[in-house]
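Letters are used for the chains, namely A, B, C, D, E and F, taken in the order the chains are written, and counting of residues starts over at 1 for each.
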Amino acid sequence: MNDQPTFSGRRTFLQFPDQLSDGQRPDVTVVGIPFDLGTTNRPGCRFGPAGIREASLMLLDGDHPELRVNPGEDLRCIDAGDLDIANGYLEKSVDMIEGQVRGIDGHLVALGGDHTVTLPILRAQAERHGKGVSLLHFDAHVDTWKENFGGPVGHGTPFHYAAQEGLIDPKRSIQIGIRSPVDNDVMDYTTDELGFHVVSAEQVHTGGVEAVVAAVKKTVGDNAVYLTFDIDGIDPSQAPGTGTPEVGGLFTWQALAIMKKLGDLNLVSMDMVEVAPAYDQAQITSLAAATFVWTYLCLLAVKKNK
Amino acid sequence: MNDQPTFSGRRTFLQFPDQLSDGQRPDVTVVGIPFDLGTTNRPGCRFGPAGIREASLMLLDGDHPELRVNPGEDLRCIDAGDLDIANGYLEKSVDMIEGQVRGIDGHLVALGGDHTVTLPILRAQAERHGKGVSLLHFDAHVDTWKENFGGPVGHGTPFHYAAQEGLIDPKRSIQIGIRSPVDNDVMDYTTDELGFHVVSAEQVHTGGVEAVVAAVKKTVGDNAVYLTFDIDGIDPSQAPGTGTPEVGGLFTWQALAIMKKLGDLNLVSMDMVEVAPAYDQAQITSLAAATFVWTYLCLLAVKKNK
Amino acid sequence: MNDQPTFSGRRTFLQFPDQLSDGQRPDVTVVGIPFDLGTTNRPGCRFGPAGIREASLMLLDGDHPELRVNPGEDLRCIDAGDLDIANGYLEKSVDMIEGQVRGIDGHLVALGGDHTVTLPILRAQAERHGKGVSLLHFDAHVDTWKENFGGPVGHGTPFHYAAQEGLIDPKRSIQIGIRSPVDNDVMDYTTDELGFHVVSAEQVHTGGVEAVVAAVKKTVGDNAVYLTFDIDGIDPSQAPGTGTPEVGGLFTWQALAIMKKLGDLNLVSMDMVEVAPAYDQAQITSLAAATFVWTYLCLLAVKKNK
Amino acid sequence: MNDQPTFSGRRTFLQFPDQLSDGQRPDVTVVGIPFDLGTTNRPGCRFGPAGIREASLMLLDGDHPELRVNPGEDLRCIDAGDLDIANGYLEKSVDMIEGQVRGIDGHLVALGGDHTVTLPILRAQAERHGKGVSLLHFDAHVDTWKENFGGPVGHGTPFHYAAQEGLIDPKRSIQIGIRSPVDNDVMDYTTDELGFHVVSAEQVHTGGVEAVVAAVKKTVGDNAVYLTFDIDGIDPSQAPGTGTPEVGGLFTWQALAIMKKLGDLNLVSMDMVEVAPAYDQAQITSLAAATFVWTYLCLLAVKKNK
Amino acid sequence: MNDQPTFSGRRTFLQFPDQLSDGQRPDVTVVGIPFDLGTTNRPGCRFGPAGIREASLMLLDGDHPELRVNPGEDLRCIDAGDLDIANGYLEKSVDMIEGQVRGIDGHLVALGGDHTVTLPILRAQAERHGKGVSLLHFDAHVDTWKENFGGPVGHGTPFHYAAQEGLIDPKRSIQIGIRSPVDNDVMDYTTDELGFHVVSAEQVHTGGVEAVVAAVKKTVGDNAVYLTFDIDGIDPSQAPGTGTPEVGGLFTWQALAIMKKLGDLNLVSMDMVEVAPAYDQAQITSLAAATFVWTYLCLLAVKKNK
Amino acid sequence: MNDQPTFSGRRTFLQFPDQLSDGQRPDVTVVGIPFDLGTTNRPGCRFGPAGIREASLMLLDGDHPELRVNPGEDLRCIDAGDLDIANGYLEKSVDMIEGQVRGIDGHLVALGGDHTVTLPILRAQAERHGKGVSLLHFDAHVDTWKENFGGPVGHGTPFHYAAQEGLIDPKRSIQIGIRSPVDNDVMDYTTDELGFHVVSAEQVHTGGVEAVVAAVKKTVGDNAVYLTFDIDGIDPSQAPGTGTPEVGGLFTWQALAIMKKLGDLNLVSMDMVEVAPAYDQAQITSLAAATFVWTYLCLLAVKKNK
């Protein structure tokens, strides 16, 4: 146990340093992307990185009770701070994010920011991990719209572009928690044309987490997997701090129970998006987001320890 | 997809107009009843209509992902505004509500207001749909008290009077989510004397939604069904914005999963009551209420499209 | 007094209709501009129009206690709803706003939205009222920056462009409530180069409201006056619901006492900007904003009644 | 100083007992009146007594820094609990309140509840103190409406009835903080016909507290004085927890500075009304209300100590 | 049904008197322990007793719907107020609590305060009930740390000391809801060395409540049982008002369904700890805590009625 | 102007680095002291350092509009992070704070934490600046109690000990904003025996800021001055985020207007205490605190630039 309590000290993710003291390459690089210009309803996830980092301090002390690893000890992690954006300028910001992600060393974990940011990350990472990665996608929304309330790009469009650009392979990708109103043609495009495996929130509730784990493993196989976690996949009672909530969502215990069994996947990167602290209560949304990232790091630590 | 985002525009339910441009009879008429004088604990559901309408904008865009209908497109709906009440005067308001409901055209959907309002609605609708309708009732409370903390009428008494006046047929009625403290004699009166089918919240949790759907269908049969949804049937974590919360409640996903399978019932009207926005967090209660109403409209749209 | 209480009814500004029943030209046209892409810190004033309209209902009933007019009765007002914007696209939205404002009939009162929106309004109105109008500007910030955190346009730049384009005459313009940190060269540009009359918040506190009224009258004379009211001119205790608060601000009573004495100015338009309800408490910010707009309408009513 | 901190112990006003241990007549009797059926906008002041009592604990320890008395030590006070009301029934409740107040022993201090409750208190007290008392009235509203949104009685009507019944002498009464919109004829009735001395909030701000003190003394003279304090007389920033806020209000320091100089008046009773904790932030409204009551008790203690 | 609504009256637990009018020994004595110096993250559960008492009023009226008892009627209960503590001094307070608990008559129900307080209660009660009692422990944390961020005692250490002092018999004790990060050696110490039966929150979710009931009965047998309920055992969505939340927690319905089946256990005492109202929303945490205590009292009432 | 907006980047005070890149001695060292065990009412100022740092980002960009300096540019500042404390142990923590402060290089600015922390700072600094410094003290409370609710040390006692130990010279010290209830003998001790110059909040309101500036200068003369700023000196409407609020307080504009004129004093150190973010609204308390610290740094920058 640390000597100093969890409310003390540096507000980086899990108090990671901004660089390793020995100048070596980190295992994991956490970055924040304080960007929310692609948001369609309640804005504010530009404060997501700060909120998640602050809440992560509650997880500072101890090992995962089942995986029995501690990311802060078992991995060499840094928190490299926030990426630059062009305030007020959506498409320019998207390009800036892509450029900066290209320069990042170590396994990337990005703290959003709205879901728009996944597109430039996928573009940047295609260089490193190749095209056609599998998407492991927790969300209330399919995010495959071809437009965003009249504009070409926004937080509802990233996977339309990612699929069209070949960055992801929808047929080996899975979406979990889906439940929002959606145009019939967008849904048909997503499942029939692109071929996403879509698991509704209700299916998780009634089918159980084991079935979801099996579906994930079957869908993605041994392909490289990019985990994108939109906090609105979780029920608004457990994640009120977000911009486009939909009731009837996943519970945090389900997402955690699913995630912890996915350590054998070929995980290449993660993002955690759409956390808007202004709508949060008692930091529970930020804490949920931090716990999902922490659990992801635990999976990496288990793999490293093997 | 609309051109304008969900945070823009008119604050009527789903931005319905106040009348149809062609002057025709609407399929559905939404009204607000800003009344909370029958509340016994935390007041404020006089702001329920405004809260539900505001939250309904988040549902503006798209079809129900399973029922594949869009109420705003597949039905001809209006939002006729708020009914008049007598501020400060409970019984006079009850009479005024009854009178105004008699004059409403189209399938009625009422946004409360506290649960007192269901009584005058049932009285008014008996003319149109006949007496002895089945009540499909989501609630934490049975609302069959014979008095309301010393007074004859209030939000705990509507179904005592409705049963005594023959407006509803308790033996073909079902209450779902019940769990509050209740005098033993009130409970005996409800189940044994009146004959309501009472499903506790715990029974929904442990028995599953399919069993509830079956119980509903068996109880109401092909009788005319009035759906009255007290938001406190839902757990306080998902519906904090209400006056008499009880822990251990239903989850929104359960209510939605039950509702979506009830499209074959002979639905004649719905109300959504007890939403008190002052106690809400990030609009999640209002959004839940709006989603239940939206789902009800989807059921009507499916029926119309047949 | 109305029969129905202030919590009931339509959520337009002061329950104004969306058009006059006789089809005539309104005296005043209220519009909302749900736009906040130019915000640099806390976003959310896209919900400003909804917040101000909701709060305006508290002012429905009665005359101004000193001016003895009631805008809803003494003027023919409409609330024309929200202007369209291009979600996510700042500069395109600015152009769209300008275009729509050109088409508006009646004395314009705009509910923002962030301060970026004043620029397209001024551009559109130059056609009607001529260039070189006087700015009567309540704000914590001078908003004459030449750039906005790396971008050319934002909520800190409108009066740089307005001055450069000749839309306003800074030498006959006055800024009241100024107190934010500001680069020395921006301040010098504002006061020395452009020639704005700047009154700090502290000067209002120590000098009194009569001195401010005199300064306003002397500065603007009989020139056409555009009133732009950034809610952050008011102290954060009275207007927490905003994005870039600065402590030490004006009190609402001061702003009201100043405004009520300016009825003789040649007022041509008003905007009320930067109200972000997500940060508000008990609607006090929205109510303050609504009260400033209501007071402005009272000034117009007094003039009309003369 | 007490041994136990202010967050500990009984939640009565200043932890007064419910009766004196020696069975004697108390100097002061505090009662709560959890009633808000007369409210026209945001309800919830039924929780005012609980809120004010809870906040009063912050004042437990110490003497008034200028008056140098401690009400808990220098007076024999009890907190007799809450009066009964008829839930949902306005006029019956008004009668019940009157009846119960008649039976109260000791100098009455009532914690509301909405402003409706002052009327039955005045009726009950006329027996003890005679008719025609002076009203010392802090408020944003004149509360002399002849009707209440269509009904005869409510929180806007008490002083119309009190004046008509001769319970108060308006010509020796003063209202401080007035600023709400008000029908011209109601204002004329108040000042010209009834003869109230009305001091607007702005007049307090610009004229200073000494002038108000002088006006109070001149107006009420040596008549028996009933102090009725509507918390919305205070600015919404300092008292957000209320139902009908009006911006531009009094500051707490002004009300306290005025009150502390009124110890020589012939004070016969006090009420503190319209505190609605659901809209409060960090208990500041309840604390303000508790501090006003505490200051009033200090005045009584000074008088007793003489 | 009571005549007066639930928002009225005394703020003791369920409005219990502070002593029985006939001077007899109570069946149950409720005390508050406003102490939070052992808290490691967010403080504030010193206000837990006040919060739980206030919320308990919502449960005033009626019988448990299944157990069909009403604690206020079927048991002779008192609320003896708050224990004294030494403000700022942790270890001295622990000793003071122990001393005061020794003097309490009747079945003890303690309202915390942080989890540190269970240690002195157990010490005091060992006299009455003997050592080696079974712990029935709802919590997110095992609370068997050997130190508390550098200090010897705190809210993470009570069961380390209780086990070492023989106050509890870990091998006949069970912990339910466990899920926090924890050092591997602390977990090994808890389960392997001390022998606690640990049931994770996920196990409750996937295994169901019946299995937990069986495990409890098997573990504790007929040993004397001390129920200690840390509100953070419940999910943060249902209990945000606490200091060290962990996502993925128990739902209230599960805890209630488990508790109601444990009436045959040899229950000797209960505490309800870690409720921090400053982080609560709409009192849902306090209400949950009050409902757990109420349910416990119902179990005692059933036993008494036998 | 910076390229990146104020919501981006490192959460240190004004984004100061943790050490100077050239290894040189800083002009100013900011430290946090996350300690609140001395709090008597609402705890939580352990999160004060985090809250003030987060809010300081709103002040990142620009010069003081009158002093025309920018602390981030004109001074060489570091934020050295948080001091260690002994969680749960008040007196040990006090000693640890003293020890760590002794080791700090540069002009100290401490972010509390409760007011207890000023005592160990004064003890540590006596070595550097000598005993008998002048206290410039903004507060609602005199903080010269000889005990703290039964304990010897707490946030109400620092200046009793500081005076007794000769660390401060009360006769050349001034307290501004005082207004809490206080035992008569504590007040007499403070003013008559110790000789503090006490300026009540009301005296600031009625006497004006110039008179206070004059009183400060006269009282402290050219003695070394330690500025201790308890945020509860400010009115609860502008600083709700604190533990022991008192209504009728100073306004932020007054404190800022006073501070900016004190640049000629011999300032040796500053602390900013009692900020409890859990009770804050929209960060206004933290922003006020950050602005006071920023203004203090501006004074130092002016002095350096001379």
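Rule of thumb we're sticking to: a contact is a pair of C-beta atoms (placed from the backbone, for glycine too) under 8 Å apart; a residue touches a chain by one contact, two chains touch by 3 or more.
Since the model is a prediction, treat every value here as computed from it, not as a measurement.
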If a chain touches chain D and chain F alike, it appears here: C, E
Contact-graph distance - origin chain B, target chain F: 2
Far-end chain from chain A, centres as C-alpha averages: D
Equivalent interface positions on chain D and chain E, same or different at half: same
Euclidean distance of C-alpha centroids - chain A vs chain D, Å: 54
Centre-to-centre distance between chain E and chain B (centres being mean Cα positions), rounded to whole Å: 37
Chain B and chain C: spacing of chain centres that average the CA atoms, whole Å: 40
Overlap residues in chain E, where contacts from two or more other chains coincide: 3-5, 7, 40, 42, 46-47, 87, 148-150, 235, 237-238, 279, 281
Pairs of chains found to touch, sorted by chain label: A-B, A-C, A-E, A-F, B-C, B-D, B-E, C-D, C-F, D-E, D-F, E-F
Chain C - residues contacting chain D, complex: 1-7, 58-59, 61-66, 68, 70, 208-209, 235, 237-238, 251-254, 256-257, 281-284, 287-288, 291, 294
In the complex with chain E, residue positions of chain F that touch it: 36-38, 40, 42-44, 46-47, 86-90, 148-151, 153-154, 278-279
Residue ranges of chain E in contact with chain D within the complex: 3-5, 7-11, 32, 34, 46-47, 50, 53-54, 81-82, 84-85, 87
Chain E - residues contacting chain A, complex: 40-42, 145, 147-150, 178-184, 186-187, 200-202, 205-206, 235-238, 240-241, 244-249, 279-281
